[in-house]
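Naming follows writing order (A, B, C and D), and every chain is counted from residue 1.
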Amino acid sequence: MIKDGKNRFSRLIQPVFVGMIYLFLYLPIIVMVLFSFNKSRISVRWEGFSLYWYQKLFQTPEILDALRVSLVVAFFATVLSVVIGTLFVVASVWKKSDYMSWIFYGNILLPEIVMAIGILSIFTFFQIPLGYLSLITGHTIIGLGFVIPVVRARFVELDPILTEASLDLGATYGQTFRKVLFPLLLPSIVASSLLVFTLSLDDFMIAFFCSGPKIQTLSVYVYSMIKGGVDPTINAISAIFLALSSLLILILSYLKVLDLVVSNE
Amino acid sequence: MNNLFNSLKNFYDEWYPKVVIIGVYLLIIAGFLYSPRVFEYFSNEQSINVYAFTEFVSSEAVKEFEHETGIKVRIQYFEFNEELYAKFKINHGEGYDLITPSDYMVEMMRKDGMLQEIDHSKLSNIKELDSRLLGKYFDPENKYSIPICWLVYGIVYDRDIVGPNFKQANLGMLFKDPWDLVISDVVNKHYRVCMAQDPRDMVYLAAIYLYGRTKNLTDVELAQIQDLLSKQKSWVESYTDAGTPYFLTGGIASVALISNHRMKKLQEISNKFIFQIPKDGSIMVIENIAIPVKTKKSDLVHKFIDFLISKKIAMLHANLYGTNSSNISVFNEKVAENSNFFPKDTMFDKLHLINNEISLDRVDSIWLGVRFS
Amino acid sequence: MKTLRKIFSEEIAFVFSCPALLWECIFLYLPLLVLALYSCFEFSAQTNSWVFTLHYYRQVFHSLYFRVILNSLKLAFTATLICFTIAYPVAYFLAIKVQKRFRTFLLFSLILPSWTSLVVQIYAWFFLLEQDGLVSRTLHWIGLIPKSMHLLNNYFSIMVGLVSCFLPFMILPIYVILDKMDPRLLEASADLGADKIETFKRIIFPLSLPGVYTGFLLVFVPVFGEFAIPSLLGGSTYVVWGSLIVDKFLRARDWPFGSALAIIGIMLFVLIILSCVAIRNLVKRLRGVN
Amino acid sequence: MKSIRFENVSKSFDGELILDRLNLEIPAGRFFALLGPSGCGKTTVLRILAGLDAVDSGKIFLGDQDVTNQPIYTRSINTVFQQYALFPHLTVFENVAYSMRVKGIKEDEVKERVYEVLKMARLFGHESKYPRSLSGGQQQRVALARAIVNRPEVLLLDEPLAALDLKLKEEMLLEMIDLQYKLKTTFVYVTHDQFEALTVADKMAIMNTNGGIEQIGTPKQIYEFPASRFVANFVGNTNIIEGKLGQSEQGQVVEVDGLGLFSVYVTPEKSAINSSSSVYMSIRPEKIFISKKERSEFSNHLQGTVVDIIYYGRSTQYNVKLKNGLRLMVFEQNEEHFPQESIDYDDNVHLYFQKENIVLLEC
């Protein structure tokens, strides 16, 4: 009996620990959502339920604009870095010129401020207008640093045996990529896309320096609001964004798309 | 000779295609990056791009201006003057049509030739400006800048902590050891302090406390300032702007350095706190509008400036943000409403502007020393 | 592989790899080179020309700045270590203990918090950690602390912020490796008489090391360069490398010095990594000899 | 159905010469086995043939056509890979249909041929399963089906049965022989397992560790008349005794130190061997008769002591130590149902064999 009890205890301790860690990660999120419904102007005391900040949010076009800019930039930066990153991986693995891959570690190693200043000086030097494109360019650099290692790891795992089998069966390189490698690389591509998307949304430095006078991303907007403490409208938009992305994830997981990302098959 | 020719030819054969490929890609990338220029060329939208402090140009005002004139205004916000300067330093502020530098920044930008002269004749509301804010050191003839509002730093304290002996807030509340104040019965309990985020403010404030001036500080004096700030660190809770309300309302700090417009917000949450301008003087900041030298939309910008300093908008902003308006009639009205937040005329002389005498490098090295002491 | 090489022709490979490489060179290495040049040249007004100087590097080494860098390394290392300690059991649990159908959901809920702005999360911690905040009260209730405590503006709050923001980046790579592990290995180990702890020590952990290294990099590097969390949650009482650089570039506009700081920080970091690798190889070789 | 010819093919990896001017002819429409120890370069031969590796020099002909520089996907050669290399994301049907689909063959025909092949490979009913849910033998058959569905001229099999158990292996070998007989395609079977090679091949080649061909012939020729010590040793078990060729009144003899004279029969092909030169004698263990009794009908006779007895089921192996210390291996057919003389450890035994059973090999 005693042994059984001990077993039950040790069986419980792990889920409880993991649960606590999840709680730890979600605490700030819960607080944020809570305060988006708070009457008070400063997120420090609960003063009663109110939808005021949501109402205000939809009357503040800058925030919605900023959110739109963030999403557009993140989307295109993700697509661009995935496409050119995957092309690079294909070429470097098939040509066995792996030595080139190390240069992409720089993207992860450099502090973002250095990258941002660097990109801005190059853009200014060449008189390139700042705006969506400069942001996409900068975020693509960040993205490449993640896409290439992630996709490459998967590619090396698959190659060469499946590539050879496919070529042997009469498929050309293009067909081999489309019909064999791409479906098998898809999990890593989706995973790295999610990563790049997240990083692009969160990035402040490049967004701050390279956005130019006409647009700003949500992260920059949020940062510029810091001085007065976080405006609850920021909480509101974060809550909405969070709700939307949770919904997306629920739908995707219902459609079993996510299993594709997680499984190794 | 033949050999050399062959090796050259091999080199050429090998690299020729690659150079072509690289060239094509560079063209594509360039086309991609420069494409906005093309759209820009064809668009003749009437618009101005504003780069402003977070709390000085409201979206309400912008909406009204757009409605009145049909000119589109895009605003971006910055937090520190230095961000503005850094951006302008790199790309000469290209694309921005209106900026709001603080006093000392106007001087720096003016000296660096980043600002355009302002045509006063185009500003119908210029006579309404508070004359006390004009002709300051950073722009003696206001050729390059027009004040939009101003702030003063004061001391906010929890009314519970002061004892019967206490009359008027002074800088000693920030710089003297709270234990000493408890012992000498000025305050009745020990407290912690919140200071501002910008180290520059800290250094100048300490100079006012120690020497009553912010000019001609010697190296010895600067070293003393560093000592003072280092000592002060032990009772400082945080050097923050945004966090101050949290720490005050949370009971973590009882005394803080705060600007009068931020105090207004604090007042809205809690009435436990009293705001006073220290009797030994304080720092004031004049926020200005200026026009970057590169803008081509000077006419539109002048319209917008005139709009911003008009009584209606100045009133709107004063109500919204609690800043001291540069429009004299608005300011007087506000003072009449609630004199607590505004310096009295007698105090005005004791308010110091930040200047560029102490280089930022110097400030930073003092600051690093403080934080590492 | 030579035929693959022949048919997947040199030209096509070049065409494929060019965009990424060009992008990288133009927008990362070219600017970096410019900054590096900045850090070792000084404009001399007398000769009206640029003069080579190591002045800025000397300045970094001879002052508090170097201590700041070392401190940030220490901070990053501690945060990474804490992340690792927490992340490993979580990753282990997700990869080995959880049923497959819940796994996807749990993994994605791990990433979800990082889709909200960092600053917003940090401000939420403000509320949680203050004097009468949730955390302090809970700790008091459990009995860990004698009375409700003020948990902000210190090392603790910085750590809480760092760990909560970067934990997922440690969990995911470890999870990926553990998930791939062949369960037969565990059976084989058990069969050979190893108990659970021994199996973990000798099989699971060594095999999961690549994931640990990746996680280490993914956490250590950004924490090392992080400036927002230490300055917001540390009440500006902690100076870190990231905020020094931001200060130098943004506020002081001392670009050469900022570049020198950045370069020395990166060098130091790379040096640490390299020496770790070297030590590992040395240990391996020594073991091999014995 | 085409023949294959390697002409002076050389190939090196990382500066190490794997194949050195290899010449090899593989006859059309036959089951050809390439047997060699691990790492001898036989897989390289296969990969070169498939087009997965390029040659450094030399030429490869498929029929009369030079395919040396032909891209892999245009060669009418298909491979069954050692680890099968089935596409994990495709079903059995899709895997088999792959080669036709990439060629753009009409879907009706694809369907028809895939089902035909699946039936042949006894995979009918599994077509919508994914490879990972199949057993090893089934995966093997999918790989095979996938490779033959497009009716290649040549089918390459790279140690296809390495991962299967013995019973399944034997079954599969017979199936493959059947298949080759039906298809009449040229099969090239690479293996290091002599049993597989001897079973399936119409003709086989033995490669040595240096990537050279030691001998080509039918399995019988290879086994009974090995051309070199390497082949004799590698294919099946054998006893090698070194001696000196000489002449005596009984005919040709080999003189071995400590054992005296062995009478041998020199086949016409071996007549080139010089008298009084050193030679190896190879005697297969099953060709040696072991007995405790004296017999007189054999041309060679030795005496020794039994040191090991290994019971194999169908036969028993005796290791016999001769008086000069040499050990010989002897196989004896088992027969326990009739009374038989029993041989035990440390028994003194007589070994007999005919001179025709000795294969002379040059040193």
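Simple rule for what comes next: contacts are C-beta pairs under 8 Å (C-beta built on N, C-alpha and C of every residue); 3 or more make two chains touch, one makes a residue touch a chain.
Everything numeric in this text was worked out from a predicted model, so none of it was measured.
Seen from the Cα centre of chain B, the chain whose own Cα centre is farthest off is D.
Across A-C and A-B, the chain pair carrying more C-beta contacts is A-C. With centres defined as mean CA coordinates, chain C is found 16 Å away from chain A. Separating the CA-averaged centres of chain B and chain C is a span of 33 Å. Between chain A and chain D the centroid-to-centroid distance comes to 56 Å (mean Cα coordinates, whole Å). Residue positions of chain A with contacts to 2 or more other chains are 44, 117, 121, 137, 164, 167, 223, 226, 229-230. Of all residues in chain D, those that touch two or more other chains are 51-52, 72. Across the assembly, chain B contributes 83, 243, 246, 250 as residues in contact with two or more other chains. Within the complex, the chain A residues that touch chain D are 161-162, 164-172, 175, 179-180, 183-184, 265. Residues 32-37, 40, 49, 51, 54-55, 59, 74-79, 83, 87, 90-92, 94-97, 241-243, 245-246, 249-250, 262, 265, 268-269 of chain B are the ones touching chain A in the complex. Considering their complex, residues 11, 14-15, 18-19, 22-23, 26, 64-65, 67-68, 126-127, 130-132, 150, 152-153, 232, 235-239, 247, 249-254 of chain C touch chain B.
Touching chain C in their complex are the following residues of chain B: 17-18, 21-22, 25-26, 29, 80, 82-83, 85-86, 89, 197, 233, 236-240, 243, 246-247, 250-252, 360-361, 364, 368-369, 371-372. On the side of chain C, the complex with chain A involves touching residues 1, 4-5, 7-8, 10, 12-14, 16-17, 19-21, 23-24, 26-32, 34-35, 86, 89-90, 93-94, 97, 103-128, 130, 134, 164, 167-168, 179-180, 217-218, 221, 224-225, 228, 232, 241-242, 245-246, 249-250, 255, 258-259, 262, 265-266, 269-270.
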